[in-house]
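To start, I am sharing the structure in question, which I have written as structure tokens.
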């Protein structure tokens, strides 16, 4: 059962309070007497908060993407003009390419390495806690502090922190954030440092729930460590691996903080991502934002992620069987 | 139940606050409260004290007006947010580039009747006053200060490189040579230029292009024609390219913004850079610069008729939803705080005294808001209080009045700058930048923005 | 088992006895530990060092160690001049409000959906699930506009902490997590309580909440952590510098602050998350594993 199924599983099999009494005819009075008002009261915070700050904005995004809005005059309907405008913006393909590049690099650096680390950690006999704590420590550092700290590390002069260390082994100095080639990988490196620890912990939890008997049986059959990892560990982890992959892709597709704080999308738009482009549309012009373009691009991104997720789930369903 | 009550209380409180706020703004005949832009957040305590001292003086002279200082810094993204959110103080500042468009869009209050009553109204430099007049002829902002772009240089780095600190470069060729010498002999950046995506890269490039004789636009309003890809721009970018890649005299940081480059300069890592003539104030207030290293000169101008110095400035405007009492109070504050030190001897001296008492700079070079006689007169008033190294700024003070000051591109200024940002960044970070192609792309982006009036 | 002893059995005891395995795997583990210390702990230790080193030393010799003595004044200056204390307090206040908002919505909502089970629960569950899969970017602009021009209040919520607290409560993940926990509570206890005459409020307050301490702990930790880390939203809605949390303020003051003091301010910003992590490690790591929710 995938995570999705577990979440979708209805609670009908559990008996709730309302099943205990038999209600002959439903009227407002019976509703109130049956505890309907109380239930509603309990739900009020959820309904208010979600209604006002989640569901209503989602609807508004769709509406605003079809309008021209400036906050002074009433909005006018412009059909798909916003979408066309975004599509024809020369920055749009650049942002898409950069976002894909970031997501791809992040997958490359941040996906296999935590797995290897977790497998090694799962076999640590004594004081595994130290490994876990060290791995997770960067995750609790506020992301803004992490980025600003790494910005100092990435000083491109030969006296910069990283360049000094690399200089000890006669490497560098490297331009890091000051180069169109190096900027994005620099961002991914910091992002991996800041986030990989969470993935390690997730993998570790999954690894330690693999049944020992499976390994014992394989050992009896003469399988070595590598074969055990390949034929037992990885298949057992399939579900986790697939879910973390899609979650990581969805997360990195919306990356904003690193490009914004490290480079403002530069140099020369080398680190301009889709989220940063949306931000610039909405908040970049000192005379007022283009909210139509911003919401149109948001929907395009969300639509793409939805389609991608569906394709992904369909493709991996056969591989994630149980 | 509890949650309902909590929400009801919150809504009620918000409403109450709103009611009180509007009541205060409506202003009984007794007193009116206005909020005013004060200093950049993070300014030194001394600077804050000086500002508060001036507020106290104003409130003493105008007992019916209460002034509330609000930390304020204009940057393109945050201003838009404040404007949309309606959280600007009553009196706020915007650059010349935005003032007229904001006025045309109804986002600045009409101050004409109050301004015309000011005793020195006729003495305003017409070009400066025009920056705060909208298309309908209404005065929607008053000038806080005007500046000309200038060349800031580090005198001690000059000395260390064997250059004469009293003879800063007067031609671009000389500037290039001096930068090379500084980089070679001191290991520090010879010449640095702003290159961040927040329109500062385009602003400085435009400055350099003006000094070579080029222009970014022809015409005004939405029918203006973008001329970003003119030969002088190409020349400016090629010069930058040469300094960066051939001479290697531009250091290793190519993402400076206005604040960063000031900070780096004050720390002694930059030999020369271009910025507004008034940044010395920021160098003191934010970065504690050692005054002896500071030198100020004019930007080298090419020897042709169209070469000039880009001039800009800051306007002070009032929120459009301010009522009559608030507008009158706001203009009184603008008069007291911004204008009177330039036109009234008593105010000039009072202002200078509080600045000195709080160790703030007095006498930083600026362009005249009024005519030149007024400017010279005002300078004689504050002469005894001047605490900035004026003799180190001589090259600028003697040179600037012989140069023509050219206003920034009129139409969609910030968008024009923004489309140039990527070109500058690319030249500085990619040796093989196709300058002409990138400029043509920037030009069409700018043209589109001009036509839409954004 | 994440923090404990023992192993998964991947490497049997017999294999451990083999020298090649012991040295090989052990070597890799030692390498990993070294990498974790240098890579994970290293930057944070550098930050601590930089916080008490004079700026000029950090700039010229970043990898040096107190070559010209320490500069504890950096910390003092960060606290008093840069007012890190004020932004720290703002962060605390914002975190507290967001935590309260999330806890309120998740517990009351989860209780209603799981225990009271109205007929329309299915609809709400479906809506929540959809929300879970909508990327946050979709909400950004309209939510901002809604804060600027709220429909009923006619007074902008910009620069008010409510603009951060209220939307924070709309976390479908929290509601789902809490609801599932409630689903797993034994129903017999509810039956017994109801027979004893307990109404829904009593049930909620005296039975369900006390039994939910573990999940509430996890939700709380993540609520506080998420709030501490939040950047874009407070950047947009809190334009008054005096109200901004550390995450928003730190980047803005960089150009006005010398490096040593700036590093000290950043270090102070890390203290609460790091301290919280060290104290509540078990809950962090258990929650980080998502309670096995992603198994299989």
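Order of writing sets the labels: A, B and C. Residues in every chain begin at 1.
One rule holds for everything that comes next: a contact is a pair of C-beta atoms (placed from the backbone, for glycine too) under 8 Å apart; a residue touches a chain by one contact, two chains touch by 3 or more.
Because the structure is a prediction, the values reported are computed rather than measured.
Chemist: So how do the chains connect up here, line, ring, star, complete, or something else (other)?
Modeler: complete
Chemist: Report the pair of chains linked by the most C-beta pairs in contact.
Modeler: Going pair by pair, the biggest contact count turns up for A-C.
Chemist: Roughly how far is subunit B from subunit C, going centre to centre by Cα mean, in whole Å?
Modeler: Each chain reduced to its C-alpha mean, subunit B and subunit C end up 40 Å apart.
Chemist: Measuring from the mean C-alpha position of subunit A to the mean C-alpha position of subunit C, what distance in angstrom results?
Modeler: The answer is 15 Å.
Chemist: Among the residues of subunit B, pick out those that touch two or more other chains and give their numbers.
Modeler: 3, 81, 84
Chemist: Could you list the positions in subunit A whose residues touch two or more of the other chains?
Modeler: 44-45, 71, 155, 283, in rising order.
Chemist: Residues of subunit C that contact two or more other chains, please.
Modeler: 59, 104, 108, 145, 148, 236, 254
Chemist: In their shared complex, at which residues does subunit C touch subunit B?
Modeler: 59, 81-82, 104, 108, 145, 147-148, 152-160, 162, 236-237, 239-242, 252-258
Chemist: If you look only at subunit A, which of its residues touch subunit B in the complex?
Modeler: Going through subunit A, the ones touching subunit B are 41, 44-45, 48, 71-72, 90, 155-158, 173, 175, 177-180, 263-270, 283-290.
Chemist: State the interface residues of subunit B toward subunit A in the complex, per the touch definition above.
Modeler: 1, 3-4, 7, 74-77, 79-81, 83-84, 94, 98, 101-102, 105-107, 195-198, 251-255, 414-415, 418, 421-423, 425-426, 428-430, 441, 445, 454
Chemist: Can you check the complex and tell me which residues of subunit C touch subunit A?
Modeler: Touching subunit A: residues 1-12, 14-15, 21, 25, 28-29, 32-33, 36-37, 39-41, 43-44, 46-47, 50, 59-63, 101, 104-105, 108-109, 111-118, 121-122, 124-125, 127-129, 131-146, 148-149, 166-167, 169-170, 172, 175-176, 180, 183, 187, 190-191, 194, 199-201, 203-204, 225, 228-229, 231-232, 236, 246-248, 250-251, 254, 259, 262-263, 266, 269-270, 273-274, 276-278, 281, 284-285, 288-290, 292-296 of subunit C.
Chemist: Quick check: in the complex, which residue numbers of subunit B touch subunit C?
Modeler: Residue positions touching the partner: 3, 10-11, 14-15, 17-18, 40-45, 70-71, 78, 81-82, 84-87, 257-260, 262-263, 267, 286-288.
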